[in-house]
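The first chain written gets the first letter, and so on, giving A, B, C and D; residue counts start at 1 in each chain.
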Amino acid sequence: MLEELRERVLAANLALPAHGLVTLTWGNVSGIDRDRGLVAIKPSGMDYEEISAADIVLVDLDGNQVEGERRPSTDTPSHLVLYGAFESIGGIVHTHSTSATAWAQAEREIPILGTTHADLCPGPVPVTRPLSAEEIERDYEGATGRALVEAVGERETDEVPAALARGHGPFCWAGDPAGAVEVAVTLEEVARLAALTVALDPAAGPLAAAVRDKHYTRKHGPRAYYGQAE
Amino acid sequence: MLEELRERVLAANLALPAHGLVTLTWGNVSGIDRDRGLVAIKPSGMDYEEISAADIVLVDLDGNQVEGERRPSTDTPSHLVLYGAFESIGGIVHTHSTSATAWAQAEREIPILGTTHADLCPGPVPVTRPLSAEEIERDYEGATGRALVEAVGERETDEVPAALARGHGPFCWAGDPAGAVEVAVTLEEVARLAALTVALDPAAGPLAAAVRDKHYTRKHGPRAYYGQAE
Amino acid sequence: MLEELRERVLAANLALPAHGLVTLTWGNVSGIDRDRGLVAIKPSGMDYEEISAADIVLVDLDGNQVEGERRPSTDTPSHLVLYGAFESIGGIVHTHSTSATAWAQAEREIPILGTTHADLCPGPVPVTRPLSAEEIERDYEGATGRALVEAVGERETDEVPAALARGHGPFCWAGDPAGAVEVAVTLEEVARLAALTVALDPAAGPLAAAVRDKHYTRKHGPRAYYGQAE
Amino acid sequence: MLEELRERVLAANLALPAHGLVTLTWGNVSGIDRDRGLVAIKPSGMDYEEISAADIVLVDLDGNQVEGERRPSTDTPSHLVLYGAFESIGGIVHTHSTSATAWAQAEREIPILGTTHADLCPGPVPVTRPLSAEEIERDYEGATGRALVEAVGERETDEVPAALARGHGPFCWAGDPAGAVEVAVTLEEVARLAALTVALDPAAGPLAAAVRDKHYTRKHGPRAYYGQAE
């Protein structure tokens, strides 16, 4: 079971450079085994081409390292907070993908300007509030996770599958690591489209509500009819 | 005959990722056999690398599935409306290609700013009118097709080989699926050039009418002299 | 001799897609044999991957086809005018490369904003004047060539190795076809840099004259010290 | 020892096109053997794919060529000034990478707008002052090096690992050639992110000081906890 989790987390990490979402060693993917309460995550600062399944680190939800010789990603505490707050998620991706990071650096939520965005989620992609100096000092990565949880608020994680850490970059989640990678790929294209759209019309959007809802519900939820039946 | 149609539609679908026009499973190509009244189209939400000719779905012009185990593209009703309205077309491409989609999201037609555009068509690439909530509720994909037909209006499909579904993305058509792919490739580059041009000069264009007509007629119609005689 | 010219012109044409300068069949390269008064040029509208040396067309300076079964590029008359006016050039490239074409569509010369530009040439890349409807009607491609020659004016072709056909795209020239390709590659990057620079500062430039002259003369002319001695 | 230095400098040079940082023959990497006082550097104007270790030139700190048949990079005097001024550095990279060069051409320092930048360094990437005509005339490349040193000023080279030569492009340095390439790759992405960010919000930044310091110190210095222990 844990070996299989490590393999899936490895594959999801390797999908990041394959999709052009990372530069050098940046970015990380994790996956969780809810029954055992263990999270598998990328080792910190390793080249993607050098990572094997044995390098994937296992930690418990308190951050104790359970298996693996490598030091886990520095962003591990952010992942753990997200897994603790969002019970339905099984995989998390963090990247510095170019367009999504530009929105994070501009400290702007990504407005919903088209159906590509509505195919992913039915509202803007939120940006976290500023952290206080004390939060940063005491537990920066944990505080980042808590600010992401706050940014989602009372909404479902299906409806807010990603948020931007202010000044930093996107965090994405889904039912498993591969699904979180798919969110990350989509989010980057949505962010790129949105940047090009506001360049053409700074007052663009939002997308008409009826079109937005139609696109979201044809891909998500009980009335979905996109894709092949499983 | 139908097997050959499926193969051509498969090849045209696979040309979309080869030309960098798609992310993940987005986009679709169809082709029609006018004699039999059958349309071959990409299955919904399948990875491009997993599709074989057997996955291409055949539907009649009323949308009844005639052959294939897969569920057809959710955009199938839009394609069927276009085939019904435009008798001369034999292939349709829909993508979310980045630059063309940005214009669709900005709800702006693509103005004719250069000869690359005039080599494709002699006027702006239109954007559809907004759909009403009722149209979206009752038959969204069909209404999208009808709005595209309206956007073309009385003009020839040769002269308006593509239109932007408002807030969504481009639909392109031609005499066969491969030709529609060529329109989609050209449109994306035309849209990219236009976005860069208005960034350099927001008041740019339109292209001088005499240059526009010269470029269009040297590639299209009875006085064309571009390319090799066939 | 002519076979070798055809091979060099073929290789230079194939370098265009390798350098990312062309979409589909767009663009063309020619080369001249001054002794015989013959120009070798790409056939019109052929896929780059299908062209062999036998498809390269030979025409004389009056435009008469001397060898080859293919129809030559529609832009052939523009090339012939340039060869007639500029005795020192031996190769010409025309592309619709994205950034250079955006400047052409904005009908703006490319200002000299950095040393990368000065490494290519010591002044702005000019844009042609508008053509009259009569010029377009009577001999569009020849008139395009004449307008390019006018845009260079009394200057040396070494100092103005490229010009933008207004609303259309760049034409580049050098001592041989491979050299003209190198100009086209450099021009595209210079155009891209210039577009990004004016986005950061609309009032940017021009580059200080002393830096400009230093960079140009360290790569060109009798005091050049860039590269390996030949 | 020198053979190994040449091999490392060759590998670092070849990493530039692999990372998409160069066009044609532009850019160069050097490395220094401090014990022998010798610098290994790319030969001037050679295609990257043609360079072998034997083409890497060795010069002393006065610029005398000690080994190698090739003419060294024209930028060699800039490198030598940097090695003379910054005792802790062991490798230098110069490129015309697109986004960093656009900032250099806009004559703007790169402001610190996000954590990706803070992961590299804790302040803006400076741009050099204008050179006087006399400096350019007498010793352009040496004067460029001295202006880079001035731009760093009293700060540590770890904290200012790169600077932009005004109107020209970035110079990057680190403890060895491979490290300098990593700075160059990061700088280009930082510059690209910054350009996209100011397009979304011209008044963006600076990044909150507490976040900036946290990111810098978690990757650099005694309290660093990013990456694997060595």
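Worth a mention:
Rule of thumb we're sticking to: a contact is a pair of C-beta atoms (placed from the backbone, for glycine too) under 8 Å apart; a residue touches a chain by one contact, two chains touch by 3 or more.
As the structure is a prediction and not an experimental result, all values here were calculated from the model.
Listing every chain that touches chain C and chain D alike gives an empty result. For the self-contact between chain A and chain D, the two sides draw on mostly distinct residue numbers; the shared fraction is below half.
When you average the Cα atoms of each chain and compare centres, the chain farthest from chain C turns out to be A. Averaged C-alpha coordinates put the centre of chain A at 46 Å from the centre of chain C. Once the centre of each chain is set as its mean CA position, chain A and chain B turn out to be 33 Å apart. Within chain D, residues 199 each touch two or more of the remaining chains.
Every pair of chains that touch is listed here: A-B, A-D, B-C, C-D. Those residues of chain B that touch chain C in the complex are listed here as 113-116, 182, 185-186, 189, 192-194, 196-197, 199-201, 204-205, 207-208, 210-211, 214, 218, 225-229. Across the interface of their complex, chain C is touched by residues 23-26, 43-46, 70-71, 74, 96, 98-99, 101-108, 130-133, 136-137, 140, 167-169, 195, 198-199 of chain D.
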